[in-house]
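Here come two complexes built around chain A, the first alongside chain B, the second alongside chain C.
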Partner chain A sequence: MKDRLLPYWLLIPAFMIVLATTIYPLAYSFITSFRAWDLTKSRRPEGFVGIDNYIYATGESQFLNSLWVTFIFVITSVILTVILAMALALLLRRKGPMHTFTRIILILPFAMSPALIGVSYRFMFNPEFGVIANGLGAVFPALQGVPWLADPQLAMGILVLTDVWHWTPYMTFMCLGGLASIPRETEEAARIDGASNLRIIFGIILPQMRGVILVMAVLKTIFALKMFDQVVTLTGGGPGTSTETLAYFIFNVGFRWFDMGYASALAWILTAIMMFISIWYVRMLLSERKMATA
Partner chain B sequence: MKRTLSYVGERALLVLISIVVLFPIAWMFLTAFKQPRDAYSLSLNFEPTLQNFVTVFSAPWNLGSMVMNSVVVATVTVAIAVPCAALAAYSFSRFRVKGRKFLFFLILSTQFIPAVVIVLPFFLMFRQLDMLDTRLALIIVNLAIVTPFVIWMIKGFIDAIPTDSEEAAMIDGASRLRVIKDIVLPMAAPGIMTSSIFCFILTWNEFLFALILSRRDAVTLPVGLVSFRTERGDLWELMSAAGVMITVPIFIMALFIQKHFTRGMTAGAVK
Partner chain C sequence: MAEVRLVDIEKKYGAFLAVPQQSLTIHDGEFLVLLGPSGCGKTTTMRMIAGLEDITSGDIMIKGERVNDKPPKDRDIAMVFQNYGLYPHMTVRQNIEYPLKLRGVDKATRKARVQETAAKVELDALLDRRPSELSGGQRQRVALARAIVRTPSIFLMDEPLSNLDAKLRVTMRAELKHLHHELGVTTVYVTHDQMEAMTLANRVAVMREGRIVQLDTPKKIYAEPADLFVAGFIGSPSMNLIDGVVKGGVFRADGVEIPVPLGDRDGVVLGIRPEEIDITQDAGAPISGKLYALELTGESTLVTLRNGPSSVCARGHADFEAEIDSPCYLAPKDEARIHLFDRASGERLG
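Up next is the complex of A and B:
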């Protein structure tokens, strides 16, 4: 039977790509994370230093700051995106020309390059000639001349805003798919019995969407942990280090200061955080599935 | 009365959402056609000009070469990733072989690895091989991000195709490869097309790899944006013109797949 091995032959090309482009670099940076390697001083890796790079990280204030910044960013952007996406999907699942139009244009923010989103929000929030900065100032006099991106909290707020603007559409599509797959009968029966919209949403729809919401929350968490482009084009990590996320900090250590050993160790800390979340995610999903079938 | 109120409220909400979605994009498009002095004013009453596009395509910006780099990198990445991923997706979808779950999980879990972890070793490797600032280097790293994603997406589409006609053909003596070529591929074509476009968008917009691995020759459009930040300040009208060049092809593609996109997304994520 020559077909016996076919399943494996089909997998080989893709598997080779994954092996060469992710598994190998991962192993390489794992080894590098136990070395001292200052690229400005030496072309080749210097000696092994054990877990020194990791120990150094635990005491370094800039690393701890980036962890905190990342935490704030992830929490706010995940919560906002998931709630907004759910609300949008509930609104957009109805039929109607305006609903369809909104659904169609919703793909645009998702297709827009995040680097460009950062650039255009930077332009719109420019205190002198930014259209949003000026528009807000005209409507609310108290907001006139607010130096949006020069204020640590506001800069973080705008960073979150760009991310929510970029990801809410994608998550809305996921919600719409989830909503389409749950049976409408219970909802219709409740409506005939005179249940209010809010009751139907919170009592009937949301409980059935638990699985989808969970998937969304975890995917969004992963995307938020990886977010990098807008930090470069919107805030540059500033003002000060107030929007310096872990991914951006790793980039600085690796490609501004060329400390490869330390950057690799930091990169592995970020990987570990993500792995932890994804394992937790798989376990949650599995128990969810058990509950659903039981 | 209550009904009309909620009717009006719902429409108003939809208009508001559309404004939030479209405004930043519209503003960028407007700015791209403004003369420099108008770009720094909020006026909508300006004389449109194509000068910004002329400027970005001439020295020293040379956006043309960046467009070329972006087109080549994204096209070649798609051309390599999609066929490989389609075969793997078919295998994952149709065969219950040993170790299948583990392999699928392994491939999916690479999605959870931050790009910055992958780019560090690649930077060192390409430096050693003298491949920094080449399109080939960018294609190789982009494959890392795109391939697992496309496998996952295409698998969702193939899962949705019933197996009956495949089985019938096999009973009639057709080989598995023939079945793939003559039955599965045509039926999966819309899904594969959607995945290809999606993969193109991801690569086209990719920023981190290009920022680190290119200097002058292989710079792609998103990284090119950063070069309009000069000592004289940010040149917004030129950035906007470049932004229009980045978004227009992608928007056309995105609108083209919008319908399938929703389906593909949820099939993969919920199952």
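Up next is the complex of A and C:
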């Protein structure tokens, strides 16, 4: 009897930690999302307001703007990262003389802190002393003095660029893993059958990479939906609210305007979006596996 | 004329010499098997013919034309791989159709050719399945169908049966043999299985450490192995190879005294196949020792005799029975079928 209960006793400390750090805050925020709570007025949540916070969100322009910004950011950064990672992996999969060195260099961007990346790019795109801004100005005179981070479109572009730069190495390694699992014979058979290099990539390799690409796209989507650090350190959500992502907007609502009830509701909207994508991803993956093992 | 000529070809990987300089001609319509143990360079040689591997020096001629710089698709070859090399995301039909599609064959012709080819390898009922839904034998048939669908001049087959179970291998072997008879296409076949080589080939090239050590018909290779390596490699069970000396026209080893047409010398290996030995009751027989093992194979019994370091296996009647460790006597059936080799060089003597 004692022996049978022992594993459960041993699990209790870990369970307590998870309860304290994950389950309790989640449950608390969920309950808070149905309450009014102005942190400047009260240290505890105030009365229940039902789904008012959620209804308010559907009509609030700033929330809708942050949703749109996040959508644009996610779509562009996911597409660019996946394409770039796949292209790099195709280039790097053959072992060359600089094989190990290239791979070490490649992992460096991923090893950097996102906040630091934001700061670095902010400096590099400074129109007065930024190395990229000046470099581009020197090569293309028309670009001299362009206020890179003061223009809504350019600021969004640079935000996407920093994210792609940060994530591409990791995704490249995922692609390399996927490519390594493709039997060499399929490619060679296609070569003998008469396929060109492009046809081999698009007709033979990429279809076999479907599962890996799907995992990459979903993981990247979830990470992009949570985009926060670089927004804080690179653009501060600006100019105006042009780069204000949902995560950054939630932060502002909660910790600048101290409307904790509304911020909690927004956080749960973001969670719901991510859960929806995750469920869809698991279902796709399962059907993919079913197809592969049928 | 789909003749393949390898002229002084050589393959190096950095400093490592995988295939030393050699030449080989594969005649039109011939079924040539490259046979040898793992790492002997047979697959590399085939991959060089396919154009999947660059050659370091020499020339590859297909139908009289130098193809060194031609990509695989322009060599008019088709290849069947050990691991099938099927496209997993395509159905059987799409797999077979793919080479035709790449060559711009119109849809109606493609459809007809796929049907015709699938019927030839009995795949008609499986055309809409994916490779993952097929058994090993069926997958290999898809690979064959994909190879024959565009009627290439040369088939290259890289150990196509080695992933199949023993029974299926025998069935597929017969199918391959029949297919070659039907199509008459020049075929180069790589295997490490000497049984496959013997049963399929018009000629066998036995390879060792990148070199072709003997190139001949299966019958000749079996009856007259060029050296000790070939003698030991071909045949199942393999040839008895007994270390000894020749004195006074007699080969001597522990329990073995066999007259041979050779002058006195040390370091001689006598080779004799198990089926060339009789089991006798004669105590004065040339080979004597104690019965070490009896193995019933179904159609015969393998009788192994030991005397000191000498061990001799004979193929006896399926009904043969005797006590282990009892005295046992063997005699060569025909002295002309005895092979002698130099132990140091491995070369055939006499």
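List of remarks:
What we mean here is this: the second predicted complex is superposed on the first by the 272 of 294 C-alpha atoms of A that agree within 3 Å, B and C clash if a C-alpha of one lies under 4 Å from a C-alpha of the other, contacts with A are read in each partner's own complex, and residues count from 1 in each chain.
Keep this in mind: contacts are C-beta pairs under 8 Å (C-beta built on N, C-alpha and C of every residue); 3 or more make two chains touch, one makes a residue touch a chain.
Being a predicted model, the structure only gives us computed values, none of them experimental.
Room for both chain B and chain C is found when the two structures are superposed via chain A, with no clash between them.
Between the C-alpha centres of chain B and chain C, as viewed from that of chain A, the superposed structures give an angle of 80°, to the nearest 10. Touch counts on chain A: comparing chain C and chain B, the chain ahead is B. By the touch criterion stated above, A:Ser120 is placed in contact with chain B alone, chain C being left untouched. Legend: residue contacts after superposition of the two complexes on their common chain; A:Ile204 is shown touching chain C, with no touch to chain B.
In the superposition on chain A, A:Phe129 makes contact with chain B only, while chain C stays out of contact range. When both complexes are overlaid on chain A, the residue A:Ser29 reaches chain B alone and has no touch with chain C. By the touch criterion stated above, A:Arg93 is placed in contact with neither chain B nor chain C. In the overlay built on the shared chain, the residue A:Ala195 is in contact with chain C alone; chain B does not reach it. Closest contact between chain B and chain C, by C-alpha atoms in the overlaid model: 11 Å. Those residues of chain B that touch chain A in the shared complex are 10-11, 13-15, 17-18, 20-22, 24-25, 27-28, 31, 39-42, 80-81, 83-85, 87-88, 90-92, 94-95, 97, 100, 103, 106-107, 109-118, 120-125, 140-141, 143-144, 147-148, 151, 175-177, 201, 204-205, 207-208, 211-212, 221-223, 225-226, 234, 236, 239-240, 243, 246-247, 250-251, 253-255, 258, 261-263, 265-267, 269-270.
Against chain A, in their complex, chain C makes its touches with residues 50-52, 71-73, 77-79, 81-89, 98-99, 102-103, 130, 132-133, 146.
Only residues 3, 6-8, 10-11, 13-15, 17-18, 21-26, 28-29, 32, 88, 91, 98-99, 101-117, 119-124, 128-129, 131, 134-135, 165, 169-170, 173-174, 176-178, 180-181, 211-212, 215, 219, 222, 225-226, 228-229, 232-233, 247, 250-251, 254-255, 260, 263-264, 267-268, 270-271, 274-275, 277-278 of chain A touch chain B when the two sit together in their complex.
Those residues of chain A that touch chain C in the shared complex are 183, 185-186, 188-195, 199, 204, 207-208, 210, 291-294.
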